[in-house]
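These notes open a run of structures that come right after.
Note that subunit A is present in both complexes that follow, paired respectively with subunit B and with subunit C.
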Partner chain A sequence: MDLYPLYNSARIALISSVLVFFLGICLAYYVAKLPALIRGALDVLFTVPLVLPPTVVGYLLLRFIGPHRFIGAFFFENFDIRLTMTWWSTVFATTVVAFPLMYRTTRGAFQSFDRNIEDSARTLGLSDSFIFWRIRLPCCRAGITAGLVLAFARAMGEYGATSMISGYTPGVTATISTTVYNLWRTGSDDLALRWVLLNLGISAVVLLCLNVFESRGRKS
Partner chain B sequence: MRKLKSTVVTALISGAVIAGCGEAQKSQQAEQSSAAPAVKQTVITVFAAASLTESLSEIGSAYEKKNPGVKVVFNFDSSGTLKRQIEEGAQSDIFISAAPKQMNELEKSGHIVNGSRFDFLENKVVLAVASGNPYTFNTFAELGTKLQNCKIPFAIGNSDVPVGQYSLKIFESLGLKPEELEKAGCLSYGSNVKEVTTQISEGMVSAGIVYATDAVSAGLTAVDTATEKLCGKVVYPAALTGGSSSDSEARKFLDYLGSTEARTVFEKIGFTVLKQ
Partner chain C sequence: MSLEISIRKKLSSFELEVEFSIGDAEALALLGASGSGKSMLLKCIAGVERPDAGRIVLDGRVLFDSDRKICLTPRERRTGLLFQNYALFPNMTVYQNIFHSIRRERYSTLQIKQKADNAVSMMHLDAVRDSPVTAISGGEMQRTALARILVNDAELLMLDEPLSALDEHLKFSLEMELRDVIGNFGGNVLLVTHDRDQAYRFGSKIALVNRGKIEKIDSPANVFANPETVDGARITGVKNIAPASVENGRIRIPGWGLDLACDRLPAGCRSVDIKYAGIRMNDLKPAAVVPEFEDGAVFNFKIADVLSNVFSYTVKLYSSTAGAEALPLYWQVSKQIWEPCGTDNVDLYLRRDAVMPLKQEERSQ
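This part shows the complex of A and B:
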């Protein structure tokens, strides 16, 4: 069994988790401070990939980053870089799809954060960045970690947009999900089953992590 | 903390639901075709190779107009996927495969109505490029040199897709090794022929191997046509798969596919109709 798809899926999920971690926290923090109307609109925009079918996400992404389209053409014509059909192209898809999970969960955590703590820190003359990094984030740690775990899991399992953006090249763009589909199609059920079991194992670990973080969060 | 927990749970549930949607869609498709509407309307479900999408859809709506009360429902995908779906119990009345292999396998496993199979259409396999031929592909013979040190992948169908099998046969005849090209990132596999044509026209791949008819319907340029020596004859067999009670209706539609009207549609985009 060639383990490349596991390696590829893992690195894609890791990269997009890192991106989603910072993006999610930043946007959750700033959006919460906006007036209600703008906040509502942005909430919809940032959450919509969660409810869209992955193929719609794939289609929309291709409309922008395809070599003949807008952003894709810019990179292609100026730098001779194609944003599609490489292993890292998948990161675009997984980041978009996983982002809402991180954003939503972090927003929720920030909302339940006790503002009095922040205010009292301010009366002690602490800077905003100190309050954010040393008080707010540690207080919301459980929620943020849960969001990150969910985002990682979602990125790991992305199929629809991935197959549209990166195609299927064994040993190059193959991920666990595209590999399972292609093994099923070619009638290699035994091998497909092995990947399915591996995937079930990974999911179990992810959910276990989530439980651990949650119970830890409850204790604090 | 309770609020936090509920957010996490909601997010988790929505995540799980959404992740499941992708797979649910597929099985839904198969279910939909079997769910006949309450009005007494005969539904004929046709599982056909993706390369027949344009021509069969046109013929299907013409047939519905001529036969009120009959609805022709199509499921277009690669013949390999369709074969798998029929094996897994999807309801289908007619199966038209882009190669004998899938039909042979279904015949062996008893999914084909005895004696209903016939060789229906013939197609050609071509080397297709986007308009302007940006990577200057000219012949199959030079594929070997063209695919060396590639910048972007070349697209063919997956090995379970007939067009992929024909492509691999061409690679074999030319002495090219797909595994080596894969490793170099020079070969990409589409899950059906339409995916390959879209990848070519979107400029995601340098060029690809598709059917002559798909090159026509996708507005691609066919720079070379594979000879019979290179990849064998491309024959589309058709058969009844005995999916429902509308067996006689399905038979009638199958007969209609050989009519002059249907023939014109098939020939317009480059098919040869083998049987009348």
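This part shows the complex of A and C:
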């Protein structure tokens, strides 16, 4: 059994988790400070990939980074880089799809953070960066970690947008989900089952992690 | 060491509009019902909330001035605010909470460590020094929060309902501890509370706060002797309030069948402004134990109900003379002075100055 799809899925999920981690935290923090109207609009924009069918996300992404579309064409003409059909193209798809999970959970954690704690820190003369990194983030750790685990799991299992952006090239863009589909399509049922079982195992571990973090969050 | 405040801020259901000044190291208790804007006032002084307009001056330092567009950050104000829930940093130990509250720019690392160590032992926190603040008792949390403010070199100490989060049996001993801290503080102290006894014991002045306004600011004795308004009377714990009128130097309270000479009215108040009268439950005395009746009069009441408390009785009375419009009058009396002895009536002596003439229409709820 060629383990390339596992390796590829894992690195894609890891990269998009890192991106989503910083993006999610920054945007959750700054959006919460905006006036209600703008905040509402951005909330919708940042959450919409969660409810859209992944193929719609894939289509919209292709409208921007497809080789003949304006971002895609720009990179192709100036740097001779194709933004689609490579293993890392999948990162675009998984990041967009996983981002709302990180953003929503982090915002929830930030909202339940007691404002008095931040206010008392300010009256005591502590700097904004100290308050953010040393007080707010550690206090919201459980929620943020849960968001990250969810985002990682979502990135790991992404299929629809991935297949549109990167297709299925064995040993290049194959991920676990696209591999399962192609093995089933070509009648390699035994191999498909193995990948399915592997995927079930990964999902179980992820959910287990989530439970651990959530119960820890309740304790503190 | 003085504090001058005059601010306005629109809140959701009323406007906070407060003006007062207190002198050298004076302690002021702000007494009012919850939701009257007291906590917001402290937050405005600390700088975590911004008033719409006004001026705040602490020891000659302008903290806020809307005309001159001055608004210092909470960091620059150097005011210490003890939050109702203490707002400790939950991810840190007691020691770390205190350590990080020392202003970096003022001391060397060695001095900071010494200062934190001193604060830990001064506030009797040695036993929980390295415990996370989520695992210590309410009293220890309060001491940690106080220690943070003291090591921070705050120039004004503000306490927001400091004892309300504590169990009843802890309140007394912690209030005594708090008294020591306040006594040694040396600067102005503001206490926000809804507990009238705490306010009475606490400071040299009391301000009655009602719906964002200060109704009266005076010495505790004066504030409690004459709260002047219906709301003020309620805040200071007057349970008996009834419609009344003042005419020709006499106050008439038909619901209680009372008619007494009335020689004092709230400052700047005419007889026609008086619409209500208040009597404290404890200000009625059995006529039998009063040696002379010079400063008041004796009235006869029907006993409608007797509630037995631990050390006292609360007696529900109706005037014998009021007739159909009679309103209940509650009387609290120590069990050492009076026992219900089966009679339906009681003669009670009422001092003239125990009847408080009150202005302001009662607001419809």
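Some notes on this structure:
Assume the second predicted complex is superposed on the first by the 220 of 220 C-alpha atoms of A that agree within 3 Å, B and C clash if a C-alpha of one lies under 4 Å from a C-alpha of the other, contacts with A are read in each partner's own complex, and residues count from 1 in each chain.
The definition used in the following text is that a residue touches a chain if its C-beta (ideal position, glycine included) is under 8 Å from a C-beta of that chain, and two chains touch if they have at least 3 such contacts.
Computed from a predicted structure; not experimentally measured.
Annotation for the three-chain superposition on subunit A: subunit B and subunit C fit side by side. Shared-chain residue A:Ser215: touches no atom of subunit B or subunit C.
Of the two partner chains placed by superposition, only subunit C is touched by A:Ser120; subunit B is not. In the superposed model, A:Pro138 lies in contact with subunit C only, and not with subunit B.
Look at A:Ala109: by the touch rule set out above, it reaches subunit B but stays clear of subunit C. Between subunit B and subunit C, B contacts the larger number of subunit A residues. After superposing the two complexes on chain A, the closest approach between C-alpha atoms of subunit B and subunit C comes to 13 Å. Across the superposed pair, subunit B and subunit C touch subunit A at no common residue.
For subunit A in complex with subunit B, the touching residues are 50-51, 53-55, 62, 66-68, 76, 82, 84-86, 101, 104-105, 107-109, 111-112, 140, 142-143, 146-147, 150, 153-154, 157, 159-160, 163, 167-173, 181-182, 184-187, 210, 214, 217-218. Within the complex, the subunit C residues that touch subunit A are 43, 46-48, 73-75, 77-81, 83-85, 87-91, 100-101, 103, 134, 145, 148-149, 152. Taken together, the subunit B residues at the contact with subunit A in this complex read 1, 3-8, 10-12, 14-15, 18-19, 21-22, 25, 78, 80-81, 84, 152-153, 155, 158-160, 182-183, 185, 187-191, 195, 199, 202-205.
Within the complex formed with subunit C, the subunit A residues making contact are 114, 116-117, 119-126, 130, 134-135, 138-139, 220.
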